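Two complexes are shown next, each including chain A; its partner changes from chain B in the first to chain C in the second.
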Partner chain A sequence: MAIEELIRIGETIYNKYIDDWKKEGKRVIGYTCSYAPEEILQAAGLLPIRLKAIGSSETSKADVYMPKFHCTFSRHLLDQGMSNAFDFVDGIVFVNSCDQLRRMYDVWNKLVKFPYQTIMVMPYSYDKEDFEWYLEHEVKKLKSDLETAYGAKITDSSLSESINIFNETRNLQARLYEMRGAKEPRINGVDTHKIITAATSMPKKKYNELLKASLEELKKRPGITDYRARILIGGSMIDEPELLQVIEDAGGLVVADVLCTGTRWTTDKVETDGDPLYAIAKRYYDHQPCPRMTMVYERKRDFVLDQAKKNQVDGAIFSKIAFCDHHSGDNVLYQEDLEKEGIPSLLLDRDYRITDVGRFRTRIEAFFEKLGK
Partner chain B sequence: MKPVPKELEGIELFQRYLTTFNLINIALTNFKTVEDLMAAAPEILKTLPEYDVGVFQSLRPDIVIAAFHPKNRNVVLKCAQAQIKFWQGIIDDIKADKPQLDFWFAQGPELFRALGFSPLCTETTLVASAIYQDGCEDATDLFRSKGFADHICTANVAYPGYVMNGNWKVPHVMVKPGTPCPSSNLAYQAIKKWYGNDYIMYDSTYYLDEKGLAHQTDAIRRAIAKLEKISGQKLDEAVLRQQMKESNQTYALCGELLELRKNKPNPDPGMHRILDLLMMVTLLGEPSCTEYFQLLVDEAKERVAKGVGAIPEGKKEIRALHTWALNAYMPDLYHWLEETYGMTYLTCGLSYFVNHQVDTSSADSMVEGWAQRIMNFTMERQSMSFGDVWVDDMFYLAKNWDADCGIFAGNLSCKQGWAMSKLLGDRLEDELGIPSVRFEIELCDKRTCPPDEFKHRIGSFVETILTNSKKRV
Partner chain C sequence: MIVAGIDVGSLTAKALIMKDGEIIDFDIITVRPTPVQSAGDVMEKALNKTGLKMDDLDYCVSTGYGREQISFSRKSISEISCHGMGAHWCRPSIRGVIDIGGQDCKAIIVDKDGNLDNFAMNDKCAAGTGRFLEIISKALGIDLAELGPLTFKSNNPLKIVRRCSVFAEYEVIFLLAEGKDVTDIGAGVNEAMAQRAFSLASSINLNNKLTGELTVTGGVAKNVGVIKNLEKLFDAEIVSLPLDPQIMGALGAALFARRYYEKEVRV
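Moving on, here comes the complex of A and B:
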């Protein structure tokens, strides 16, 4: 079954598809943020893989450099890097997503060496001149650096081919989300999330084939009706859906999300007419923004409200990885605005890896009771 | 949080500073010693309004004592007299409804004055609360009570707290570069959402080179155009020129002062570093700022000529480089370190002002110069860019100013800062044989590390490590 295969791949950092890719003598490149323009990486003949710290259970190596009051995602990632867990990649593209990840890059750059590693700088404002600067100095530079580092030639044709593949991925993922958000969803939140995550751990062409087949399989499934509450989930990035599992084990159903590892990553497509490099840059610059973009709160809020209404949620749960400043800022404001619309919200703090499941279950069950569910 | 009296609505915090500096001025002008002041205090307090009495009683006693020390008093008095005019001006401008502009601190105020605004630096206004026994913890807690996390930088979150409580009038516009930092960005975002005022964020460059300067200058030019619309006033080139010429003099003196600290013993008292920062973000571009730094330079030169330093004569000097932001935590600490251990203050991440002289020949050259100053402004220089810039700066300072130790202490909520602490310490240790220590504090929340506890910890470091250490290189 294609669904089971994608769910399984969504739980991995390394898998047979990556292995097959490497056996063909091709290279893999890691990235750490949804602002990394994957299409360009693929156009260079590389397999882009979003780095996750799956399997990481401690951060003792990283803690020496990044104190305990730093985001646990960045510490797990650094720890995994220092522990050679990512040695299967041939390069890494970081992004200055937040202070913690950009400083993690500074530490990484001293301690962990890959043949190619760089940090892309995203502007913080939306003036057209800032976009032009980003295109000129970051995106074109990335293209040129990749060509130099890997002896690749990134052509308009290879970029357009990438765009088409990735846009197809996004179209298919949108259909999956429709099924998740239906009145009687054909799939739960946990499995949806794993299937979406699988796209970051395997070649997109193969992923698209499997996702197409999965969507057909899903059509044959009965809808889910035995749930207590329809939930939107937001906040810090989630790769392993432990929190979603707790929500669904408590009887909830995650039918919508506003995660950078979910809808915010998949929603916006790349324009297919005109200069492909420009179109890719435009998509990543303008895509549904991360909390780091504090000048566009209304746009972020509208997206949350839209997802909540479209998917008829009963409540929203915003979690943030401990010590994440950005999501601390936005989650509170979203809560204010959702409650104005009559949608209650729950704010949770968590580590990157959730181990204290009982604490979350108690709070989530209490939230469902508050919802009258 | 205490409600604000109606007559102080929107200005209470500024009135607090005005009152504080007035009291300091009265004390240092009329009394020779702190003992004289304390003897007369009961009678004086009877004559003061209740609000002023409250402010007097809220001051940290150790700061008052340190301010009276001969090496500190002239500079503290100079600063206080300048600050009286500044805070009175802020209050008058608010009452007159002059366009108020709140800015994040890694910028000088000169440009904003030339655009017709009454500029006020948010973070340093909060950091200056270090002079009180209780700083701005109440405003921080009010903001947190809305649900915001307790790990957001306390030098930023008390700002929306004061606005929420009515101690600080909502400005017409807030201006900041994109980095740093998440904490300030989210605090400004919340104010804009709640109060609907203008908020201009211009992009910060990540690169301290020519292309970075071009990007930074361009971003500021665009911000100027937006600000002109808000104030309804075009950039006044003549005002900007006057401001930049004045700030050129100030920056030259900053450079001279830094050089003077190479002398042994260091002739420049460490308690003045928080005053330097306060003066730079409030009065840069005004003659009073230049006069303040001129006094520092003159006094330092005089000490060098006499062969004395900021420490008691005969005491062995320990030269400390504060590799992050200690200067803002409790200013009297440095006086205490000088007097108790002979530990002097070379510079820190919040007082390292790189002397950049701005070409004042045209509006364009001045805007570019202002941009370059921002890129190199204390903290902005270290935190907006690659970590190497910071490490290299501190290595350069430690080596050329002959530091004996590195002390990394700063807001533990400052994520970009703390991730550099180990790399900084390693570089100083490995290449210069200089030991380092790290202290977790919060600049504007003394509950994180109470002052006496901090004194104990830093004292232990000096006694048990430094006294036995010798440079190995």
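Moving on, here comes the complex of A and C:
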């Protein structure tokens, strides 16, 4: 079954699809943030794979270089890099996502060497000059750097081809989200999350085929009705859906999210008319923003409210990885704004991985009890 | 109608039996290797005293860390709801509960019926929990029970700035090395502890939104210095409960058992 296959792939760092790709003599490129313009990487003939620290259980190697108050995602990622978990990639594109990942890159750059390794700078604000600077200095530079590093030629037609494939991925994922957010969802939040994550762990073309088949399989499934509460989740990025698992084990159902590793990646597509490189730059700069972007709180808030209402949620759970400064600010504000709409929220601090399930379960069950569910 | 509440925590397991709305017995034991064993043993003990058998129980609700694994309980409810419900039953004018246990600190707001209205619970950290007081009293070389009264003996409580238990311990050791008075350090520790619980409570606006009485449960309720400081911070009296605060979770669970019995079984 296609669904089971995608769920399985969503739990992997390396898998047979990456292996097959490499066996054909083709190259793989890693990236760390949803702000990395994957379409350009693919147009260079590379397979873009988002680096995850799935299964990482300790950070002892990274802890030598990064203090305890550094975010655990950065530390797990660095630790995995230092442990050779990503040796299957031929290069990496980082983004100045936040201060934590930027500082981690400094250490990475010294300790974990890949033939091609760069950090793209995404401006923090939406001034016109900022976009022009980003297009000229970052996007065009990435294109020419990739051409030099890999002896590839990135043409308008290879860019357009990859735009079409990625837009198709986003369309199919939007349909999956619709099924998850239905009155009687045909799929739970944990499985949805793994299927969405699988898109970042295999070639998109193959992924689209499997997702299309999965959507057909889902249509035959009965709807889920035996749940306590419909929940929206938001906050820091999530790779392994441990938090969603705790929510759903406690009887809740995650029917919506505002994660960068989820709905926020799917929502905005790349324009298909006009200069493809410009269109890609525009999409990555303008897409539904991460809390890192400044002066756009209303846009972020409206997105949260829209998702909450559209999917008829009973409550929202916002979590942040400890010491994540961006999400710590926004989560509290979202809570206040949702409260005004009669939707209560629970705020949680967590590590990149959740290991002390009991404490999370207590708070989540109490939250359901507070909702009267 | 005979109902029971069972609370399997990280250190102790508690069982409480109610007959027609009156508590007829309760028991507390230290935990056994598994929650199932703890639950079975403590229930056995409580039942034995009353001459009842397991079959006599009309409904049982479990709470605490081991709550999901208890086979003879029909429902599990979080200890946050149970603590609120239990304290409210003891004194119906209670609207706020601060529960400071060995590894958790919780601030709870209940409505007029004892139902959970809002709550906050500390994240994975020993700061602001009973564990913190244990570490510090060890560093001060005094008994945990001696720590509370220091607040009333000191004229100059010293500020403990560091939030983290480990760093706070360093800070205390440093103050000792400087020749500062144990009484003043201890009083400062009680103040810091109260401040942490107060911050947690403020995150759900418990300080401004309190519409009834406030109580403190959990082991730290026994520290008079922390209580005194909390009263100052909240500018309100902390009322004491007529029952051992440790049993509040099991009491709340029994009250939920009564409610579910009436809702599900009787009709």
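Throughout what follows, the second predicted complex is superposed on the first by the 373 of 373 C-alpha atoms of A that agree within 3 Å, B and C clash if a C-alpha of one lies under 4 Å from a C-alpha of the other, contacts with A are read in each partner's own complex, and residues count from 1 in each chain.
As a working rule, a contact is a pair of C-beta atoms (placed from the backbone, for glycine too) under 8 Å apart; a residue touches a chain by one contact, two chains touch by 3 or more.
Everything quoted here is computed from the prediction, not taken from an experiment.
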Regarding the shared-chain residue A:64, is it in contact with chain B (first), chain C (second), both, or neither?
first
Which one hits more chain A residues, chain B or chain C?
B
With both complexes overlaid on chain A, does A:370 touch chain B (first), chain C (second), both or neither?
second
Touched partner set for A:349, first chain B, second chain C, both or neither:
both
Could you tell me if A:362 is touching chain B, chain C, both of them or neither one (first, second, both, neither)?
second
Just chain B (first), just chain C (second), both, or neither: which does A:326 touch?
first
Would you sort A:172 into first (chain B), second (chain C), both or neither based on which partner it touches?
neither
Residues of chain A at both interfaces, chain B in one complex, chain C in the other
322, 349
In the complex of these two chains, what residues of chain C are touching chain A?
65, 76-81, 104, 115-119, 121, 123-124
Sites on chain A touched by chain B in the complex
64-67, 69-71, 96, 98-100, 102-104, 106-107, 110, 121, 123-125, 127, 129-130, 133, 137, 291-292, 294-295, 297, 320, 322-323, 325-326, 328-333, 335, 347, 349
Chain A touches which residues of chain B in the complex?
146-149, 151-153, 178-183, 185-190, 192-193, 199, 201-204, 206-207, 211, 215, 218-219, 222, 383, 386-388, 412-413, 415-416, 418-423, 440
For the complex, which residues does chain A have touching chain C?
322, 348-351, 356, 358-359, 362-363, 365-366, 369-370, 372
